[in-house]
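Structures given as structure tokens follow.
Two complexes come next, and they have one chain in common, subunit A, joined by subunit B in the first and subunit C in the second.
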Partner chain A sequence: MSATSTSALAQAKNKVDNLSENQIGLLLILPLAVLLMVLYLYPILRGFVFSLQEVSLFATDPAWIGAQQYIDTVNSSRFWNAFENGIIYTVGSVAVTVVVGVGTAMVLNRSFFGERFVTGLILSPYMIPIVGIVLIFRWLFNGLNGAANYVFIQLGFVNEPVAWFSSSTYAMPMLILISGWALYPFVCMLVLAKLQTIPDEYYEAANLMGASRTRQFVSITLPQLKSVLFVAILLRMLWTFNLFDIIWLGTQGGPGNATETLPIMAYRIAFDGLRLGEGTAVAFLTFVVLAIGTIIYFRSFGERSA
Partner chain B sequence: MFDLTLRQRHYLERATTYGLVVGMTLLLMIPMVWGVLSSVRPSQELFSWPPTFVPSSITLDNYQLLLETTEFTQYFLNSLVVAVLAMVFTLSIATPAAYAVTRYEFLGRKYVTNLSTIIYMFPLVLLGIPLFVIFSQIGLTNSRIGLALTHTAFALPFALMLLRVFFNDISPTIVESARLVGASRITIIRKIILPLSLPGIVATVIFVMALSWKEYFFALLLMNENALSTLPIGIASLIGMSTTNWGLILAGVMIMSLPPMVLIFFLYDYLLEGFAVSTL
Partner chain C sequence: MINSAYEPVQEVFKEIFNEFEDQEGNVKVEYNRVDFADAPQQAAQAQAAGEPWDVMNLASPGNNVTAAQEGLLQPINDVIDDRGVDYWNEKAMFQLDGDYYFAPHYGSVIKLNYRVDMFEEASAPMPPFDNWEQYMTAAEMLTDTSQNQYGHPVFLGSNHFHGVWPMMLTMMNGGGVVNPDGDIVFDSQETAEALQFVKDMDQYSPESAHNSSIPNMRPPLYQGQYAMTWYSTNQVAADIANYAPNLQGDVQVTHVPSPGNNDPVARMTGTGYGVSSETEHPEVAKRLVKYITEPENVVRMLTANPTAKIPMVKGVLEEDRMWENETIQEYEDLYRDLVGMAEDYGRIIAVNENPETVNPITGRALSETMVVGAAQDVVLKDMDPMDAATKWADRMREEYK
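Moving on to the complex of A and B:
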């Protein structure tokens, strides 16, 4: 029995060794390709079909209505409001994330006692589930007696407790603040990883020539960081524009539609309004917006980030 | 600048560094510290005005209440099961793919390496709506396997990135010399590649589990039964109860968040290495 299994194994080994590089590469990639087709390609195609139909969550006979839902959506003021909110939210969050991320990375790149511990601490929000982060902020900025309200009143920023999450003025800045805190560790890691690869000799040489710290930052650090920052900003913009959980858990797009972005609008229409077809159409338009944004970004910065 | 001796400049430099480190850490840790403090103070203190910043006494009442009056242990278990399933699926698909990308030249290789940029362009809702319909039709809603599959889908690019780094680190000369003495491809993988990249695989296991552990959107979409909810959904549902007991909720948040937070202290080197090589 063992003899046959050994020979079978040897045969299998032989077969594997006789494959060309191209064949074995494709063979190893196969499970990935299958999964991507089942969990990305097929759903997206199904979704495209939905978007051309009037289909509700529990109805059995969808009616074909062509591009009508796309046309209606693009002509609605709700879509453009969500689009605008998405831009504000994305630009705001990415700005905060990049500033805090680069800042913390610059500090962590210095050498000091307890470096490993502090680095872990600063990066730790990366591991906290978004639900936890949003709940902690909702408690901290609680409208009745949150600690933030107390501190802000003492400092004279506001006169009375503010209901941060249900005010149309403060809800969006609030979401940007939460996103900034939740997402800066990603940028920090990306930048820190790059900073650690800049050779010390560059700075030593600059020191010998009497270059100031600011000068060193502008002439050595920034050019080295450029490519990594382009990538970080692109990915962060894609993610943030698509982000669902922070907004949903923070405000559900409210008050009214004040913080409704495109993904939230699509979800609300599909699952609260039970209009799957229309929801998918909004989701596709979100994708189109992102694709256009990405192409513009690559066209303008592509070569430099490569 | 002022005329400072070299020694004075050194001390000034040190002082700035520590000032920056302490200031940054204090500022960024405010939310977390406040969360922890609120979860261990007596409940009646939570709603006092002005708020008391230092708890009058430390108590684990909220934690006890959480375990006794809610289905927290069930949520915890569900999260764990889904995370393990997602990890097994992800690793069994990403490991061969990452190996192929680092070792072999084949058709479509560059698409695999650019996978993350392509995948993250798709809004989750765009996948979520049709996936919900497809999964309901084949009975994968309210199923841990179904949820784990969706987690696999978005953990894959990340796992590929990390694994590529570790496979890349293995010097091609070792593989070449093994082949010269007649080792087969399978032997090379079993005896050289896997043992050498084991630390990387362990790190990937942990990060993939952490991704699944914190995932919210698909869990919200696919799991309607309370008994099958994962931690993020279960804890968020506590807020809908008639009176919101913040102490209890924050206790849940801490149990959910602290284990993964501790892990990053030991593992961030792997992430840094991954980010240095790849663009994800």
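Moving on to the complex of A and C:
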């Protein structure tokens, strides 16, 4: 090694030694920050620019139109229909996953023969690809020759086959049912983990005082689950409102636009209509809706669940 | 090269490219098969990144023409002139501002599939139908809800494809989306009558058809729940071979009927291949386009998925190799009916609604589900047909001003 390079290395070492702890920290996270900027921030900013332009999927000669697409979208009945559908779908789906998830976790929290096998079985919906789950439901609930219709007719619940995925009355409940079935294991596992940390002494004391099971659930279990339910519901709300695959595979937003949510609307506009700018504007509005929803949620339940 | 060929045909494309590479010596063909919805974006992004796909077929006539209008493609008049314009099916040929941009190879045509055995059992008037009344009568006679059997499904899915049927009915009734001057004319009495016909037909359709996915449009025909259904790519031979061998001969094709006072219209695809405006190898790209559209190569593509597509290059049915294929032999009558239908009534309506006038609006109105939106309003929301036509015509005027 030459004397010049030795001296340069020594100088560099001195410079690093003289850096403050904060400066070293910044230096260390710099590569990751740059990577994130490139992979995460740039596409978002680029998307935002698209939302301010009239640009087709062919992406040639975009015309700058400012916030016009946002204004037009917010003023359209289609947006509010998709917004309302998103709220119904999210509330319904989250309610099903939480009720079924908590109920299942309560059962699994007890010791019984075959507990591990049953736990694995209950987790299985989370391991099956969504496309498989939706296809199975579509097959079971096929409006012409599905097994569900056959059983319901035999049992006398209905007189003729019901078009589960093609009726504006039943399509949304079907999607909620699929989402609930496919996604409840997430809530179940979070709740089960928390249940196993609740000391038995709480329940023993309650038993001694003659508290009923319902009373124990309301006064001991639920308060203990508050923090985990807060997170589970928040995450499920965000994911469900943004969920695309189950709706797209199940109904493609139809019949008509009876099950069209904001992500489906964004996709249809961008990819079916080739209007990339307008589709991106809908996607950004979805982000705004979710951000507002999250703030309201935190303000309403954040402190109480801490 | 980029296209959206179905799986069996992809292999033929690869073979053709290998042969082209051998023939050219120092050329390597990179082939990218993309989905319908992805094609425009993939092509545009590649071009913007300075690495354009040299040869493109962007899955639909609408996408292809938009690509040309957006400057992604260059004129290929020399390719067309070299072969002579008569080399191709004239219905698939059109010019933009006096230039040819596409060399067609094969396409599809919308037709009515029907079950001969079910018609015979119901003693219903056998297609082809001369008018809508006959069609309605047959649908009624074929409907037996106690047996879960319906005359004809009314598809109202929110995608471009499901808009094609109401669009064809509207055009056959003398209506349309735009007139030759480019004015929106969707809010016409003719449109309203076609929408009313869709609503009337709904009496003989199961509700489950309304939101049927595209792949699910055909199976109920083979299962005996629909006596008729419509589709584009002709999968009858493949479907029967795979799912219902006992139905051979019982499924036939005919044109979707007109109301009687006008000729039928059969929506056709098959605009074919174009060359990138920014290709660094324009001559090789054009030679590849010519190679793809040589009759013997078109035959190979057509026989890869027998009877599915129809040729857009003339004289292909006279090629001996075409008839060496067993499936095409078995379905010769059906296949000739299909080709005849395209010759007699075929029209690339997405961009060529009015003959000799290429417009980008009709394709957009279809892909942005405005046409099927009108049918949805009439059937699903019980809206007055004229009100629905007016609502969507106003939307079109607003969107496409």
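Criterion: the second predicted complex is superposed on the first by the 268 of 306 C-alpha atoms of A that agree within 3 Å, B and C clash if a C-alpha of one lies under 4 Å from a C-alpha of the other, contacts with A are read in each partner's own complex, and residues count from 1 in each chain.
In this section, a contact is a pair of C-beta atoms (placed from the backbone, for glycine too) under 8 Å apart; a residue touches a chain by one contact, two chains touch by 3 or more.
Keep in mind that what you see is a predicted model, and the values were worked out from it rather than measured.
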Inset, instruction - May I ask you to decide whether A:V107 touches subunit B, subunit C, both, or neither, giving the answer as first, second, both or neither? - result: first
Inset, instruction - Would you check which partner chain A:N145 touches, where first means subunit B only, second means subunit C only, and both and neither mean what they say? - result: both
Inset, instruction - Considering only touches as defined above, state whether A:A163 meets subunit B (first), subunit C (second), both or neither. - result: second
Legend entry - Touching partner for A:P223 - first (subunit B), second (subunit C), both, neither: neither
Inset, instruction - Using the superposition described at the top, determine whether subunit B or subunit C touches more residues of subunit A. - result: B
Legend entry - First (subunit B), second (subunit C), both or neither touched by A:N257: second
Inset, instruction - Have a look at where A:P199 lands relative to subunit B and subunit C in the superposition and call it first, second, both or neither. - result: neither
Inset, instruction - In the overlay, answer first, second, both or neither for which of subunit B and subunit C A:I130 touches. - result: first
Inset, instruction - In the overlay, answer first, second, both or neither for which of subunit B and subunit C A:I29 touches. - result: first
Inset, instruction - Kindly list the residues of subunit A that each of subunit B and subunit C touches, one partner per complex. - result: 142, 144-145, 271, 276
Inset, instruction - Using the touch rule from the top, collect the residues of subunit C that touch subunit A in their complex. - result: 37-38, 40-41, 43-45, 48, 63, 66-67, 70-72, 145, 148, 156-160, 206-213, 220, 223, 225, 364, 367-369, 373, 376-377, 380-381
Inset, instruction - Spell out the part of subunit A that touches subunit C in their complex, as residue ranges. - result: 56-61, 142-145, 160-161, 163-168, 171, 251-258, 260, 268-269, 271-276
Inset, instruction - Would you pull the subunit B residues touching subunit A in the complex into a rising list? - result: 17-18, 20-21, 24-25, 28-32, 34-35, 38, 47-51, 53, 92-94, 96-97, 99-100, 103-109, 112, 116-117, 119-131, 133-134, 149-150, 152-153, 156, 184-187, 210, 213-214, 216-217, 220-221, 231-233, 235-236, 239, 246, 249-250, 253, 256-257, 260-261, 263-265, 268, 271-276, 279-280
Inset, instruction - State the interface residues of subunit A toward subunit B in the complex, per the touch definition above. - result: 12-14, 16-17, 21-29, 31-32, 35-36, 39-40, 42-44, 46-47, 50, 100, 103-104, 107, 110-112, 116-133, 135-137, 139-140, 142, 144-147, 150, 181, 189-190, 192-194, 196-197, 231, 234-235, 238-239, 241-242, 244-245, 248-249, 262-263, 266-267, 270-271, 276, 279-280, 283-284, 286-287, 290-291, 294
